[in-house]
Amino acid sequence: MKLVPLSRTAWVAGLGLLGVIALSTMALADTVAAPVPNKGDTAWMLTSSALVLMMSVPGLALFYGGLARTKNALSIFTQVFAIVAMVGILWCLYGYSIALGDTSGPYVAYIGSLGKAFLKGVTPDSVVATFSNGVVIPEYAYMVFQMTFAMITPALIIGGLAERTKFSAIMLFIFLWVSLIYFPIAHWVWAVAAPDDVAAAAKALAAAATPAAKAAAQAKLDSVTSAAGWLAQAGSLDFAGGTVVHINSGIAGLVGALIVGPRLGHGKESFPPHSLTMTMIGASLLWVGWFGFNAGSNLEANGATALAFVNTMVATCAAALSWQFVEWIVKGKPSMLGLVSGAVAGLVAVTPASGFAGPMGAIVLGLIVSPICFFFVSVIKNKFGYDDALDVFGVHCIGGITGALATGILVNPVLGGVGITDYTNFAHGNAGTYDLVTQMIAQGKAVLATLLYSGIGSAILYKVVDLLVGLRPKPEAEREGLDVTDHGERAYNY
Amino acid sequence: MKLVPLSRTAWVAGLGLLGVIALSTMALADTVAAPVPNKGDTAWMLTSSALVLMMSVPGLALFYGGLARTKNALSIFTQVFAIVAMVGILWCLYGYSIALGDTSGPYVAYIGSLGKAFLKGVTPDSVVATFSNGVVIPEYAYMVFQMTFAMITPALIIGGLAERTKFSAIMLFIFLWVSLIYFPIAHWVWAVAAPDDVAAAAKALAAAATPAAKAAAQAKLDSVTSAAGWLAQAGSLDFAGGTVVHINSGIAGLVGALIVGPRLGHGKESFPPHSLTMTMIGASLLWVGWFGFNAGSNLEANGATALAFVNTMVATCAAALSWQFVEWIVKGKPSMLGLVSGAVAGLVAVTPASGFAGPMGAIVLGLIVSPICFFFVSVIKNKFGYDDALDVFGVHCIGGITGALATGILVNPVLGGVGITDYTNFAHGNAGTYDLVTQMIAQGKAVLATLLYSGIGSAILYKVVDLLVGLRPKPEAEREGLDVTDHGERAYNY
Amino acid sequence: MKLVPLSRTAWVAGLGLLGVIALSTMALADTVAAPVPNKGDTAWMLTSSALVLMMSVPGLALFYGGLARTKNALSIFTQVFAIVAMVGILWCLYGYSIALGDTSGPYVAYIGSLGKAFLKGVTPDSVVATFSNGVVIPEYAYMVFQMTFAMITPALIIGGLAERTKFSAIMLFIFLWVSLIYFPIAHWVWAVAAPDDVAAAAKALAAAATPAAKAAAQAKLDSVTSAAGWLAQAGSLDFAGGTVVHINSGIAGLVGALIVGPRLGHGKESFPPHSLTMTMIGASLLWVGWFGFNAGSNLEANGATALAFVNTMVATCAAALSWQFVEWIVKGKPSMLGLVSGAVAGLVAVTPASGFAGPMGAIVLGLIVSPICFFFVSVIKNKFGYDDALDVFGVHCIGGITGALATGILVNPVLGGVGITDYTNFAHGNAGTYDLVTQMIAQGKAVLATLLYSGIGSAILYKVVDLLVGLRPKPEAEREGLDVTDHGERAYNY
Amino acid sequence: MKIVMAIIKPFKLDDVREALTAAGVHGMTVTEVKGYGRQKGHTEIYRGAEYAVQFLPKLKIEVALPSDLAPAAVEAIASAARTGEIGDGKVFVVPLDHAYRIRTGERDADAI
Amino acid sequence: MKIVMAIIKPFKLDDVREALTAAGVHGMTVTEVKGYGRQKGHTEIYRGAEYAVQFLPKLKIEVALPSDLAPAAVEAIASAARTGEIGDGKVFVVPLDHAYRIRTGERDADAI
Amino acid sequence: MKIVMAIIKPFKLDDVREALTAAGVHGMTVTEVKGYGRQKGHTEIYRGAEYAVQFLPKLKIEVALPSDLAPAAVEAIASAARTGEIGDGKVFVVPLDHAYRIRTGERDADAI
């Protein structure tokens, strides 16, 4: 997800240069053959998609479910699994089209259109662009990879609602949330112009002989480069979803925790995790699957993919250790839950940075994110008394913000980052040159926009759902546990 | 597994055409270089093989074991794991050769020969054809991918025998069953001519100048096209194993449930699943692994593979939701077990269709299969009183039949299917044209043949095993649980 | 890891030949383009790396943790997870550089240098050689793949220390051990010259016209071929880590078990595994992940990779069955723990052989290794009374020795092995010809060197750690369980 | 009043509950326990280690009732729980001084 | 001496422990049990099979104490455990002949 | 007859069983319980939340026996279970009115 459209004027000016290069390399074959997918890329994208599904089920289900009490374990599993299933269908029906598939229509900076609703026109031969010129992958592979992101993001939210929200309310809320909040935000950040389209438009512009042709070509080029989400156009860097996935779900979870209110007995009874074994399995599978999430986000299998993979590995290691040592010092004992919480915090933080930072930057990011998240889950949460049951705010939102902002710093080549190096970097003057202030403004814009849109939007949706079906079960039902009252089952019958 | 040999006459007539095309494209290089595997394909096939192994262990072991009572949990795990291990060896010794490796010999429509017993002649350089002309993969990769199918299929059967069958009996039965029932049926459906062989024979025919040469070439072509399993020749479509895997194991499980008889206490005591957590993990890993199963069955990594992947995703989503809503309406609560049972039913149903249907067709298939399976496991099973303990009949056999028949419909391009499009589609007249009646007859033939051969054959084998070692443990042993009595262990010592 | 440098003189003599071949194929393009990674290889190496991580977490954590008592389950999980995290960082800081990344410096037969400390100079465009001429992969992919090996090896050791060693002691010990024992041994065996460098040097030698040029070229060639670990130079075969990983960790575990002493109550109380379900999941994920370990060790995705995959599959099947049948005969019942212990023993044994043996050889190896390991864990261990709690010695060290020695036999083409066939096999006379005695001496040398260096070195490190922080917790703490006393948590709160 | 306390085989719980209900007892408390007695256990083998497991899973049922109901309850339990095999268990009757129902504060006979 | 044995709803444990401590009782033993009584259970559905679950999770608390402390302990438990809903549980008082503290060998009143 | 009921540290079970066997007692019933007393618990930390765990795992052993055997059984248990550390547990002796063996219908002394 490393496309970084700069401001429109920068584009336009820069594309002349690109056009010349493009022209010269294409001189021999004017009617250049359409690129076909490389099978290594296809294999990697399918593998990545399977890995990201594994993050949700069983990964997230176990990570969250293990932290719940026995009487609510199944309710967590069911919610995660059902959300995944529902969003998979919604993605095919209209989500893909409006988020990424059809970037046309009057409000294209904010939302796409329905031209690919029901996957209309997508065939085994359809391809989509990657971030490299001349490299494409099967559209089905792209569509399903992005589907898995749309599946896991809303499932993260339930961390804030766990153990006290009705299943029917959760399903209705997520249906609305994914449609009205996730799909647009994914569009804002990840809907970008295909490199080859930009190159072709630039080439046409360069070749235009008459002023009229030039103007027409320029208009075409403008339309290509402006068919992107507004945050993408603003130059925000978010490789694999720091804002779209983690800040987005984390703030929605916090708002939910506040609106639904704390669990019965909160602050009085103890709510120890019913199975840290499950939480450990979940965290491990999240880690393994996250390679699909982050390294898959490069959309092809090359050296940059390997860098994203490495960053995902080392930031996680660093954050796991960091959380553990902070806890060791502050609380006197290094807990396993702390260790794996740190790992997840590291994964969250490195998500936006994974394709941009260098490994040493990723390690530093990992070392930093854990103390911050630790502070939120152990001090801020207690101080304010909100019941973010499974710490989706403290880990995902805070970790996501840390990562999103750090990305703006760590991309700096001086710090080992890759710089602003992708196909947009041909522009005049400072285009493609890293500038801390510019970049941090772009990052901050994305963070703020996500916090506000998702925070306010989620609040409205919770209220709507509360009116329609009621968010909270009866106290007796909550006491008895949602497994029996919502689902008529118990997790264990030893 | 999408090879669809049509009737022999269609072949012969059609191949002239192919020959001409083949000739023209090969004009420049008469001694064309043998194709070498694409590394992307090899990577994908190895990844897929690992994924299918993960479906069995730990996937199926957990899915099934979680549904058993605590005292029989290990017996389920042991049976699945030991079956996998035993079949892996049998596959190398003779299974691969007679099922797929050596399609020669007098009864080639029904079973192959022993030319590759002990993997004779297979080397790191051996390659096998895929479904595309000129595309090959390493034979070891193909062999091991197909091995994983032979491993999981018999393991599915124990769902019908669970909690009341001796380990020794299961091992002996599976040894016989996989040898005498699975290997032949896999041959019937999946032993097909390599596209390149067909093309070469057709080319030779087209090039034959004299009548004698023509006759010889024709004979050669006939022999190539007839070296296929009889169901493959009949035009039955089974992309990844609806008949071979699911109907086959499902009917064998039902027959086993009937012959072994119900568990002690059946219909009187309650048998709640000992750990739905394990069942959830198992279902999730089945889903993740199933991408190897279905999308791997394309044998290469291209757009069609991505389609199979997408279908596997969305049919599962649809079926999970569908089961849940049916249960919500009929039983008043949407259970987690229902949700994941639906997911498995969807995976089963989409297996034969995954490379043929379009995504919308796959969604519809998913929506339909769950109510059918639900009806079987909650109404039919109770009505007839058979003790299909883990519902291998209700989910796998019924889901497999639904999928096999639906494949005949959903392949229709009008419904978004890919049509009868593979390398056999060059024949005269209606060859390659979809015809509902023709296709449904072919599908029905495969379903019926599998039900009859596996049903009757399994019945005989159960009786033989009962005579030799006895199927059922003593009542005290069954009461105490097979973990202690068969294996001398307990699953948990908390 | 199949590089097999022969003695230096053999190299030198042989390279003339290679040079000629190389020259002729390169005649047309003198300034030959640097090879670029194949995306299929990259996809496979990244997939493999994720699989090997999955072996550690959650695989090994569960396999080991399930065997511990409830009160120590989390301590096992924490130790495995924290070791993985710590080694990931150490690998980037200096491990990669001294083990594999920078094979320069005065003691290059024993240890590399710090030129790539902090991953200096590694970029997304850096590539490293594979075992095939002209085939490279991204250095990040290679670095992270090898990192996962460095992560899991020390984690294996805790099998000998489980349930009675302080967390702080384990972390300190592993920090020292991985730095002073693992990194050097990995260098001895796996630091080898790149095929292309050898070819280029040979080519230069062949092209050298004057005696001076010849001498210079010869010197260059010598320096290339001698920039390898001393065991690699000795011709020891270890495809994926029989010595480096399994013998190494296994002997360190045994020494630890002896120095730390047996658990309180050892030989008197019973220590049944707290959850064989977890152990089964762990063993299964080890198996699935081991395909990355073994087949990934080929560094590319080709037919030889598929062979390593197949061997990993069938040796495991054979060893699982073999353990089970031995136990059935000797103890009267075939246990699940026996079955999965056999699987792990098979995986261990086939590790060094996976790229060298043929499938039938791998099956025989699997059949043989289990009785040997069974004898060690059920007879020798009891006889000598050491408390190798989770059998890291009995399974990993003994299985590793069996595999390392068997590799010397099974590589024989007469037995279906691939022979001494890699890029070093162009030498005069018997170079590249398999010779049993020569090969067994080379294998024995590696086994012995590893046993001695790791055994003695570990003993010293344990003593140092005991002095610094103390190895063992207080008896009350050990009674109460390390979960509560070391980590302040309990694994289950049902 | 008495407390009738029975140790039974686990799979007999439903039979015993039904028999007690038939005998007019409508409340009971059940505990999972492990029993040691004449019934022999089994051997478990975990890799090298063999353990003789002597404690077998049983259920303990406790029923508080008026003294006059005790013989009938004992009889009901005993006949429902009997298989005739070793290990069927025991029934014990212990004195009960007082009983209270927490919800209402009712006492003794009214409480049970 | 007496043993006061109470069956309570699980989430009331902390309240009861605090009430007992306030009443001067400083030791107790707690067992997870399943209770059957007037409080109705629920139905569980596993695919085709529906099970009526009649046993509900409860905690059993046992406190050994001098006879004169018993009424106060009973009262403490009862008021702390009361919700007013069906299923709040019972308190039983049974006679206790002797008590020993294993660590010291102290007996009876000194032991508890 | 009496019921001897002991609360012990879990790892002492085998020692206690052997001591009881030596004292002529051949049957017993064991329950996993949680004990609260003078022995201090520990603190558990789960992310932000710290819990003081005051209940510690113990085993409860119940042995029905003729009254004259009770003192020996108490002594056997107490000496086998003693470590001298706080938390070793208690032994209680309560009266037992009747005992039945379900399998045979034997009563009282014959039943235990």
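Each chain gets a letter, A, B, C, D, E and F, in the order it is written, and its residues are counted from 1.
Here, contacts are C-beta pairs under 8 Å (C-beta built on N, C-alpha and C of every residue); 3 or more make two chains touch, one makes a residue touch a chain.
What you see is a predicted model; the values in this text were computed from it and never measured.
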Fewest hops from chain D to chain F - one hop per pair of touching chains: 1
Any chain in contact with chain A as well as chain F: C, E
Interface composition of copies chain E and chain F: same or different, split at half: different
Length of the line joining the C-alpha centres of chain C and chain E, rounded to whole Å: 56
Distance from the mean Cα position of chain C to that of chain A, given in whole angstrom: 36
Gap in Å, rounded to a whole number, between the CA centres of chain D and chain B: 50
Where chain E touches two or more other chains, by residue: 31, 44-46, 85, 94-95
In chain B, residues with contacts to at least two other chains: 38-41, 43-44, 47, 272-273, 275, 281, 331, 333, 335, 337, 488-490, 492, 494
Graph class of chain-chain contacts, one of line, ring, star, complete, other: other
Pairs of chains satisfying the touch condition: A-B, A-C, A-E, A-F, B-C, B-D, B-E, C-D, C-F, D-E, D-F, E-F
In the complex, chain A residues that touch chain C: 38-41, 43-44, 47, 51, 69-70, 272-277, 280-281, 283-285, 287-288, 291-292, 295, 300-307, 309-310, 313-314, 316-318, 320-321, 324, 331-337, 339-340, 343, 358-360, 363, 418, 492, 494
Chain C residues within the chain A interface of the complex: 37-47, 49-50, 53-54, 57-58, 61-62, 65, 73-74, 77-78, 81-82, 84-86, 88-89, 92, 118-119, 122-127, 138-141, 143-144, 147, 167, 275, 278, 281, 486-494
Chain E-touching residues of chain A, taken from the complex the two chains share: 265, 268-269, 476, 479-480, 484-485, 488-490
Contact footprint of chain B on chain E as seen in their complex: 44-51
Chain A - residues contacting chain F, complex: 67, 270-273, 327, 331, 333, 335, 337-338, 341, 377-379, 381-382, 391, 394
